[in-house]
Amino acid sequence: MALNDMHTETVAGIVDRVVTRYRRDPTCMVQILREVQEACDWIPPEAIDRMQVLLGVPRTKIEGVAGFYSFFYTQPRGKYRILFSDNITDRMLGNKAMMDRLCSSLWVERGKVSEDSLVSIGKTACTGMCDQGPAMLVNNYAVAGLTATRIDEIAELIRNKVPLAEWPAEYFRIDDNIRRADILLGSDLKPGDALLAARARAPSDGLMASNMRSWREGLPTGLSGPISMLDEIKRSNLRGRGGAGFTTALKWEACRNAPLKAGLQRIVVCNADEGEPGTFKDRVLLSKYADLVFEGMTVAAYAVGATRGFIYLRGEYRYMLDHLNAVLAHRRRENLLGNNILGIPGADFDIEIHVGAGAYVCGEESALIESLEGKRGTPRNRPPFPVTNGYLDQPTIVNNVETFAAAALIALNGGEWYAGIGTKHSAGTKILSVSGDCERPGLYEYPFGVSIRQVLEDCGALDTQAVQVSGPSGICVAADEFDRIIGFEDIPTAGAFTVFNGTRDMFQVARNYVHFFQHESCGFCTPCRVGTSLLKNLMDKLHNGAGSPYDFAEIEKLNQLLQSMSHCGLGHTACNPVLDTIAKFRPAYDKRMMQQDFTPAFDLDRALAAARQMTGRDDAAAHLTTETGGEA
Amino acid sequence: MNAPAKKLKVATTSLAGCFGCHMSFLDIDERLFTLLEYIEFDRSPLTDIKECSPDCDIGIIEGGLCNAENVHVLREFRKNCKILIAIGACAINGGLPAQRNHLPLTTILEEVYHTSPGLANGMIPNDPELPLPLDKVHPIHEVVKIDYFMPGCPPSGDAIWKVLTDLLAGREPELGHGLMHYD
Amino acid sequence: MSQTFMLDGKAIPFEEGQTIIQAATKAGVFIPHLCYHPDFKPHGSCKLCTVKVNGRQTASCTMRAMAGMVVESDTEEINAERRALTQMLFVEGNHFCPSCEQSGNCQLQATAYHLGMMSPHYDHFFPNRPVDASHPEVLLDFNRCILCSLCVRASRDVDGKNVFALSGRGITTHLIVNAKSGQLGDTNFTLADKAAQVCPVGVILRKRKGFAVPIGERKYDHAPISESVTTEGR
Amino acid sequence: MTYNLETAEHPEKLRRVAIDPVSRVEGHGKVTILLDDQNKVHQVRLHIVEFRGFEKFIQGRPYWEVPVMVQRLCGICPVSHHLAASKALDVIVGAKRLTPAAEKLRRLMHYGQMLQSHALHFFHLCSPDLLFGFDSDITKRNIVGVAAAHPEIAKRGVLLRKFGQEVIRVTAGKRVHGTGAVPGGMNKSLTIAERDELLKDIYHIVSWSRDAVHLIQKVHIQDPGLYNSFGIFRSNFMSIVGHNGDLDFYHGTLRARDDNGKLIFDGVDYQQYDKYIEEEVRPWSYMKFPFFKSLGREHGWYKVGPLARVQNCDQIATPFAEHERKEFVDYAGGSPMHAPLAYHWTRMIEMLHAAEVIKDLLHDDDLLSDDLMVEGERKMEGIGVIEAPRGTLFHHYRVDENDLITMANLIVSTTNNNQAMNEAVRHVARRYLHGREVTEGLLNHIEVAIRAFDPCLSCATHALGKMPLAVELVDPEGQVIHSLSRS
């Protein structure tokens, strides 16, 4: 019996179980929906009925949230829900052939549910397996390194309705591919050491102060443990690793100094919503160095006086959830989490994991916080900023996985040590997620200041035409710029490093990224919601050979508008790939501009097809030429 | 405006429109006679010239594109007119006929020619004398480049007068409050 | 004593905590807007009210006024971008003004007039959005929804009903109704609700009253929307 | 009445000549003529080539939108559709009887339209043919040419139309596609200023209308050979007549006569129209062919419009127009006049009547009253009929309990004249083209015949086309592509 035609009672039973586990807390909406779907294969109306009652929220709120995240289904999607990663790297590795193969062997149309409502096959944004694509998600569990054989095996398993749990384990094996390790990927930190080091930096009265007395009572800098920890972070010149590069110490201090209303607490959030296509270093940090990351979070909590922590884990990394929970459990047993951590009075801190559900925009910190609160992931209006009014209006720091890992090492070895690594403006190391046209894709950790050329050499990239650094929202670097360096003073990055050799069409790269942004736009603000769709249509028009200088001008106008009017970074950067490729690979566009004069975006003759078919006519008058020519 | 050496040639047509914009054109009333000192009509429902002369200065197009013939006429105008003006809601966003756009054409034809009540004999019209319908009704700017737009359903005679006199005087046409209307 | 900031070269007084648009409106200066409404918490989604503050674009409905800030609003550059946003809203939905009963009272239309929008410019999306006529007193015509969420806020914050919400994402974002059937007729919505009064376009309509007001006496027939500030300001 | 020349026996051998588009008429139509090598005419058809699909997409829309939406089928007589729909919806909202103010305001609006539409048709569209001759210089054969040759006539035409348009504007808020009428009444009355503005000009309008009648009367009488026979055919005719048989454009009961003027039916409540009128489908035009059930397809077809109305009523309630009606009836000599060109004469008589009615209404203070709306017991179905400038217009709607339209059917004026126009066109073709070298001037004769009926092809193309098309398919070379037979 397929779960998706279970009786209401059973559905209600599932909902009861899940909702109770989450303390009937509506802020856990995303988690509740995820678990209900994992049990029911979709989110049936009866489930929403039940949640409405148990959570005491209007069904519009539940439906609004369910409708926002692309991994939630309010329509049956089959018992096996397959999503092929559609990053440009997956394309280059032939994901389309794989998808077509699976579709045809399972007799299912892409994007639709099979007639026996057993399986649905679709596409999704980059799943963070770029170094081992093509990849897919089966019921949100990652399967990488797809081959024709593997596809056929999977088709067989599905046909025989073999439960996912019984699929061969190696299907789900994900490689770390660490190619160059430095302080982070080379670290062998013993859990707790960083905290002990932090503690050792201060006399005990200060330790007490960190959480037992509010900061407003004031403590002279340098006296207390937390403050000396903050000082170390300051000395380290650590800057955020999520891409924006905000100075970590400033953020932490602002949060620590934020007035705290009675009954509220400070919050530490680890942003593991690694959604930028081409990035996958957080995946490895969490699967291999979870303790390092958690320890960094705990250090941060200690420094800012936070008592509650979250990891926002992107839905694509759902497969890591059990492992991460196990690590957390172990740290609790070791008193590295919980109350009076390591016996430090008042050092209370624990971490929960929230799993996302397919929404790139939730990588934006205020959208992430909305999602943590169980809402649609739309970026907030700012000010106020999260450091003063974040999670449930409490002072909140949101930092990248890599930032926390670095913080742990800073706690251990001190700020001076860290500041000594890298360049003057960019302290420390940066982990690059290298993928695309190279022999050795994977993780490369370098001290800041490494040149593009160096990285290309190390990863075995030949005849490189361009590198997309930091993903679609980053910058596209052409061959004549390969001596530029990775660093906040030149090319800042969240870590994506996608290599394109001379055979690649940079127009198609940009088009793929534009499709990505159109799919991920949250729809909140007009310019991004409509503009990304218009941009997509224009890129497709060029692709279809109907492009003329007119459309080119239109693209540039849209880019301008998106940058100036959009609500958040997604809209601001949505046109970067187009602007860059236009500036640096103009011929790729000129090639597409097949029309001299304005040409319709749609095929006029095809617009008559329905009427032709209905009338059985095929005479000359039953056709329309695309006057100015151009392939369809 | 002072009378020009050579009168401007103006062609007008109604594609998938109701002729309301042409009626509104006539609503410039007596000013029509003044206008005739500056322009002469070429192809237009008001004359018996059935094809655009190649040297038209201004083409005024009412109505959107709902069938193949509309597309041919629109292209004829674009080819023969220096300036093309879209007049009225239908030319600008499809107007009333475009309200069929959310329905698939096949469904409409099926309903009308096979399942609709009071039909003696069900068959889909297929005479070559009849232009085939497009699957959607399109505003004309989606198919050819349009130089100016006169919104309104129809734009008032005063609005049309304003735009035409602006053009004749070499000004960028502008409609202020009271003249600017989408209904 | 209240402080001031400069708006298009004019000194605008403001009180602590006022947003730019609030202060401007109070001072009788019109800034185009659709999702902003003086009675509700700013939303900042339509972006029509975008202004340049010290050279950087930002939504004037969410930006707090600060002493000495230099704000540009009524410039050709900004108005051109606002016009483009309006055109986007027109092609995104199905806005057939000629047969729309809100024509003449529609804030989107009036704003487009104000910005001199002669055509929607972009290719139309022509989405398929059926109407909801299930409620005895109210018709919902989603064809005209611009996702300003005023009805959402009114129903939630004033009526305490949560009749409306936004669902979907990106270009598929759409208004939903608080009933399992998805039908307004199955909700506790009434004509007296604040949410029934705030729609700036023609989505939430009182049934059987369309076209009761003659052309010439409709909200924006007498004066352009830019003159509405004087009333809103109070 | 024969279908002679409707369908050629051997189209494959024939040459095709097309008049496309038919100009100086309102809407999209074309005529195709098939000739043999001696230029003998074998087939003539007036095709309606456009469709809109109104009946389909109006389904699912709220009923109160209909009067405003449906008028956009036609920019020349929007008021007819606006009011016919409103009358149908009056029934649905249970407004059995409108307030006097509402009824009179609608009447004013409608007669204003009758005035502007008739003026437009006569002066702007047809006067070139009548004043210059059917095959006169094509470059002069238009309103511009008239303005040059007869500035005073042209100017009056423009001002007459202007006045009618102004009457519409003050009642509907707008000259073209306004909103005045709503189910159950009107949304505005006249201000004193609006009324007085119109009163200033009405007396000129009446006298100019009289002059117009006399102008066409003179033209007609001067050349009886042409005007009494051009495109002539005999047929039944139908219209609404007001109480005690008055000529009435806004409301009344259906009356039909045969070609000798004998009553076929009379006093018929139009809510019953479908019991009396049926529509035939023919394969080669989008436009249906209505006929009286009682007489059948062969003999039941009829004509509508001015020529029908003026000869169908017992009298006209306004003195000048009644006087002109008598003149016309006397000229016809007791039996009904069937000559298509007589449409022009009767059309001007109607214009005069419209002007007189407007004059009387403007002196009625009910126009200033704010008592404009009534409603009663809600119905699910309603039919509205009105005499549009071109003839009888039927609107038929069904509405569900949620107030959404579920069915719409329209029989527009021009459709009623479909067979009549084809008859006239064929007669002209036989008489003037047969065996002669086809020239532009000769082809204009065909158009002159069509124009006489003032066809509103735009109205006529509101439907997706309720009929299948050409049985025999002839390509431009005259080759038969294939043929279908009626099932």
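Letters A, B, C and D mark the chains in the order given here, with residues in each chain numbered from 1 onward.
Quick note on the criterion: contacts are C-beta pairs under 8 Å (C-beta built on N, C-alpha and C of every residue); 3 or more make two chains touch, one makes a residue touch a chain.
Bear in mind the structure is a predicted one, so any value in this text is a computation, not a measurement.
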Of all other chains, the one whose Cα centre sits farthest from chain D: A
Per-chain CA centroid nearest to the all-protein CA mean: C
Separation of chain B from chain D, taking each centre as the mean of its C-alpha atoms, in whole Å: 23
Rounded Å distance, chain A centre to chain D centre (Cα mean): 66
Inter-chain centre distance, chain A versus chain C - centres from mean C-alpha coordinates, in Å: 33
Distance from chain B to chain A - Cα centre to Cα centre, in angstrom: 50
Two or more partner chains touched - positions in chain B: 95-96, 99, 109, 124-126, 128, 131, 133, 136, 138, 142, 153, 183
Residue numbers of chain D (touch at least two other chains): 69, 72, 174, 177, 475, 481
Multi-partner residues of chain C (at least 2 other chains): 98-99, 123, 215
Pairs of chains in contact (touch as defined earlier), listed by label: A-B, A-C, B-C, B-D, C-D
Partner chain A, residues of chain C touching it in the complex: 42, 44-48, 50, 57, 59, 62, 64, 81, 84-85, 88-89, 91-92, 122-123, 125, 146-147, 162-173, 176-180
In the complex with chain D, residue positions of chain C that touch it: 98-99, 101, 130-131, 133-134, 139, 205, 207-217
Chain A residues touching chain C - in the complex, by the definition given at the top: 45, 48-49, 58-61, 63-64, 66-70, 359, 376, 381, 383, 518-527, 529-534, 537, 557, 561, 564-567, 601
Interfacial residue positions of chain A with respect to chain B in the complex: 550, 597-598, 600-602, 604, 607-617, 619, 621-624, 627
Chain B contact footprint on chain C (complex, rising order): 90, 94-100, 103-104, 109, 112-113, 116-121, 123-124, 126-129, 215, 223-224
